[in-house]
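In what comes next, chain A is part of two complexes: it sits with chain B in the first one and with chain C in the second one.
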Partner chain A sequence: MNIALDRSKLLRFQSLIALFLLCLGLSILSDKFLSVSNLWNVMRQVSVNICISTGMTLIVLTAGIDLSVGSVLALCGAIMAGLLKNGIELPDSNLYIGFTILGAILAGVITGSAMGAFSGWTITKFNVPPFVATLAMLTVARGLTMLWTQGFPISGLGDTFLYFGTGWLLGIPVPVWISAIIVAIAVFVTNKTRLGRYIYAIGGNESASRLSGIQVNKVKIIVYTIAGALAAVGGIMVTSRLDSAQPNAGISYELDSIAAVVIGGTSLSGGRGSILGTVQGAIIIGVLNNGLVLLNVSPFWQQVVKGLVILIAVIIDKSGSKNE
Partner chain B sequence: MLQVNNITKRFPGVIALENVCLSIEAGKVTALIGENGAGKSTLMKILSGVYQDFEGEIHFKGAPVKFSGPKDAQQKGIAIIHQELNLIPYLTITENIFLGRELLTQFGTIDKNRMRRKTQELLDRLKLKVKAETQVVKLKVGQQQIVEIAKSLLTDAELIIMDEPTSAITGSEVELLFDIIENLRNEGKAIIYVSHKLDELFRIADNYVVLRDGKSIESGEMEGITQDQLIAKMVGRKIEIMRKSSGEEKCETLLEVRNLTLKHPLRPKEDLLKNISFEICKGEIVGIFGLMGAGRTELLETIFGLHATGISGHIFMEGKELKCASPSEAIAAGLALVPEDRKKDGLVLGLDVKTNISLTTLHDLEKLGTLNDAKEVALADKYISELKIKTSSKNQKANNLSGGNQQKIVLAKWLATKPKLLLLDEPTRGIDINAKNEIYKLIIKLADEGLGIVVVSSELPEILAVSDRVLVMAEGTLTAGFTIAEATEDSILRAAIPQSHFDIKA
Partner chain C sequence: MKKMVRYGVFLLIVAFLAYNSVYFKKLDEVKAGTASFNAAKYAKEFWAKKLTPSLSKSAETGQLLSLLRTDKDKAFKDHANALGIGNIKYFLIKGTGKVTDVEENQVLFRLESGAEKPEMRIATEYVFGNAVRDASGTIDINEFSNSMDFNNVSAEINEIIRENVIPPFKSKVKKGDVIEFTGAIELNQEHLKLDNIEIIPISLKIRDL
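And now, the complex of A and B:
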């Protein structure tokens, strides 16, 4: 028993060790890497992925997947930006509704939650495989984004709004604060609450969970809703950092997110994994991206390297779990 | 032909096989018998190369062998025909038989004609009157089994292991199978035949090996031994009839089922349960016996709220009507269901013992929305000691425990909900005799404390051992009810055999 426990501890450190080696290598190869400004820059960029991937981890733990996070992020970002900048005008009734920053953000988060809840509902009510349901949502949300923006970026959102993506608080970038708070809550939920326990149980054995009186469908809908809301929070950061909601924002973010989850050791078949693992996974991807740029590796090679890293991480993880 | 010396196989916390020795002769059928949990399946998995890490040695055809995997064992001449057949339904017989060893033409493409000819030869030899290009899905179970045998003949297996080959086939198919076995024996193949059906063994086996509690107890020739002697070797310890019905007549009704009918979810004209009515009193143990497909499991599942649609009739728990819409409703009303297949429906195997035990009662362990570790540990400790769950720690994964201990975890998680009515579906399937007896004692103790208990079982001795009252089901209806004093194996079985079958026999 102790051996199994030690090995799982070792497995948890595996990605930390990989991260350390990666940083060590990069600081030798590039003198820019270890500068404070570069590291904060990396963390600022990673924050978006951490935010999305926290929701993704919860979903993957229930043996599901969410391919729609990138599109939902774009849609929510666009809705926030649009409401903030233009409000809602109803020409027929001569009505204009303006939005404060808080109101716009709230509307965005509600939209994200609704999208997630809808995915969860189709998955549980009609037994649609999560892969298919969220693939459909990916297209729907992207289409809605295009409709809302008419295909043009919505820019010029005011200095206050930019604070969420570019600001500093106590010497730490605001997005890092936001993602850290989200991670802290998610770690608490997964380890210390009933919902967290149910998430692991459902991923481990859905049928046994249902027979134990767990309302499996309810838990799943909650999880997809959370993921949608977190995609919206990612949307705040991205939109704010660019001072613009791009209709093409968030494309392929779902892949980076799934990669972070998988590198972090969460099993795609559910029931096994952790939020902190995902955080490490996201940071590894972020550092890798940053390092490859600093080393002037061509963007095409960057993709190849990233893909191989994901593959290696999963192979190592598999060989570890086989021995258990 | 095959010599097994001192094999020991350990799983975390359990020794599945201990110093097992065995010798199998060519041209003989050797019966491998033993109770559930005696270690038969582990032994077969070792012989067929599934498990490679064990102590002891195997000699095959005079030389020591080590199998690197199932395929290796196959190539060296050992074939196994599993109880659950391993055929791919939408491929043809030919494609299945040659799977992984396709014959090729000189151009490197698949030589369909030669494969089909060879398959047809094999099928003819086994007297299976179907075409080689038939899809396997269209065959009956008995025919599929013969396809498996054909597969083993193709690899020139010299030792063929058959695991419960007659469990799913009918009389004439059994005769055909026995003919085939007879022929294989005459060709000099060695056969290990695993079965619970002792009368079959007397027909076809030459030798026997009895496994009990993971040790090979005895082996010898079938000739000159009686069925009773074999049973005595298998069981060793007997289930004593433990429940002495106290004869109390006053019955406080706990559960009342009135005219319960359940439609088949896919075929609405067919009823899985037909007009079932019965009552269960507080402190009473009711055994429900029925053959496969009698509707026993469906009855429990319906009461527990797993078949939300297609129900008619009424179920009352302590006088209040149950809607039977979901397990959570049933749990709230004081019901608990220990399912038939604990690995599939009972446990989250990848989680530890503690987490599995607390899964049903997490809301009690919460304080301000946070799970209380100390309370959870206390709960797990309580049941580990109360039910004598043998585990190296409460943090051990459920997967690593033996069947009996896994079953106790499932029981523990339900006892934690303080149920009033316990529904047990095959509570001792696949667990060793010791654990069985412990579970029987527990059931009786719980009934004495006032719980109503329903025990569904396909093992008659079990039903007779613990029940106060026996209900018998056949084809979705209740066909008989006995008090334990009236019940005999004979009368119960008679009521359990579907009527249509009776007509044919009469």
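And now, the complex of A and C:
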């Protein structure tokens, strides 16, 4: 009885324990790791992943997946930068429509939401597996990004816009504030609202949820829309930090995001997991990336190590599910 | 009634956001205010007003190579320039050398100044990259609205080298000549390789014997 209790406690705190051990190991191996500037740098980088992984967690909780977040992030960043920098020209009407920062950000977030809603709609309306629907969206969004940017970065977005990615507020980087607010809202939604309960219910047993009157399709579309919007927020941070919208931004971000979700203990089969677990997973991925760079590990080996960490996390998740 | 209030508030918020999101102007006025970027003109001005004056600060090649071997970090800190992050850094260098071979795409020479006399090469055919632009340390990327304009400046600088610097030199140079040069080189700080360095020339002179 006690052994079973201890084991379940251990599984509950597995990502925190892993994070602690990782930090301990890195602080021994590198004297730069525990410096304040490095830790803020890690948190600034991790903020983007936390943002998109929060959306990914909601999707994975419904037993879905979204492979398009990286491309949607790039598209939204490019649209924001393009509108902010160049506006829209209507030569026939001799009209120029300029966008303020607020306007550009809103346009990006609306684009992300629309892309997410479209993925959700195709998944629910045509019964397309989420993997396939979002894989298609990945390609569509990347192609649209290339079309919008013509393959060139859009840079020089102004100091005010840079504040979202590089600024500080009360001694804490602005991206950390943004991701903290998003996490707080997501924790509230998943734990205290009807939508949160529906998300867990759908992931736990979709048929039973449908029979009990939950509008499964509607909830799924909402969840994919939120994930798209959060990918757009990630796009704001990345574009702002680089002062440039890169057409190839966000490549493989979906993998880091899924890794954060899985490492954080959210079950890929849905119905089990938490936003805070994902935050821990994202920090583990960020710390791991940072540590491997500080230890001067070759980028090729970094990929191998990250892949193995994800694999181990999934194996632990599976063994945990079996025991339950 | 309650629904009406809700819709009303929603419409007010949308109107507020829309009002603060976009602004309208006449397209001719906007176009008149933004002249398109002329990379060739910029490159010519850069060459005359920024690059040429900065050549006096070029590192003496022999001394630089010695410093790179003894104190790499100091050499990079004192003499290198780079616009981005990464290990690739650029140096403006000057020196004299004796031509050991004239090939179709490059001129090989042995450095005469300094304690060391390594063989180096001057590119005389394939002049590409950002070495000259970035080595000068006088261009600020923030002056450019997009990276295409910024890269076009490099292309135009390389064109000046191909058209004005190389032809008078290449037509006369022969094995055994003593040459004076200034140029830009690219080195990798992490994986430093000091043999057979390629120089992108900025000025070349064959010394009269």
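In this text, the second predicted complex is superposed on the first by the 315 of 324 C-alpha atoms of A that agree within 3 Å, B and C clash if a C-alpha of one lies under 4 Å from a C-alpha of the other, contacts with A are read in each partner's own complex, and residues count from 1 in each chain.
In this text, contacts are C-beta pairs under 8 Å (C-beta built on N, C-alpha and C of every residue); 3 or more make two chains touch, one makes a residue touch a chain.
Quantities reported herein were computed from a predicted structural model and do not represent experimental measurements.
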Could you tell me if A:192 is touching chain B, chain C, both of them or neither one (first, second, both, neither)? first
Tell me the contact category for A:171 with respect to chain B and chain C: first, second, both or neither. neither
Based on the superposed arrangement, let me know which partner A:156 touches: chain B (first), chain C (second), both, or neither? second
Regarding the shared-chain residue A:299, is it in contact with chain B (first), chain C (second), both, or neither? neither
A:96 in the overlay: touching chain B, chain C, both, or neither? Say first, second, both or neither. second
Tell me the contact category for A:215 with respect to chain B and chain C: first, second, both or neither. first
Going through chain A, the residues touched by chain B and also by chain C turn out to be none
The residues of chain A that touch chain B in their complex are 1, 4-5, 188, 192-194, 197-198, 200-201, 204-205, 207-215, 271-272
For chain C, which residues count as touching chain A in their complex? 17, 20-30, 142, 144-148
Please give the residue numbers of chain B that touch chain A in the complex, ascending. 12, 304, 306, 326-328, 330-331, 337, 339, 344-351, 355, 358-360, 362-363, 366, 369-371, 392-393, 395-397, 400, 413
Per the touch rule, the chain A residues reaching chain C in their complex are 85, 87, 89-91, 93-100, 102-103, 106-107, 152-156, 244
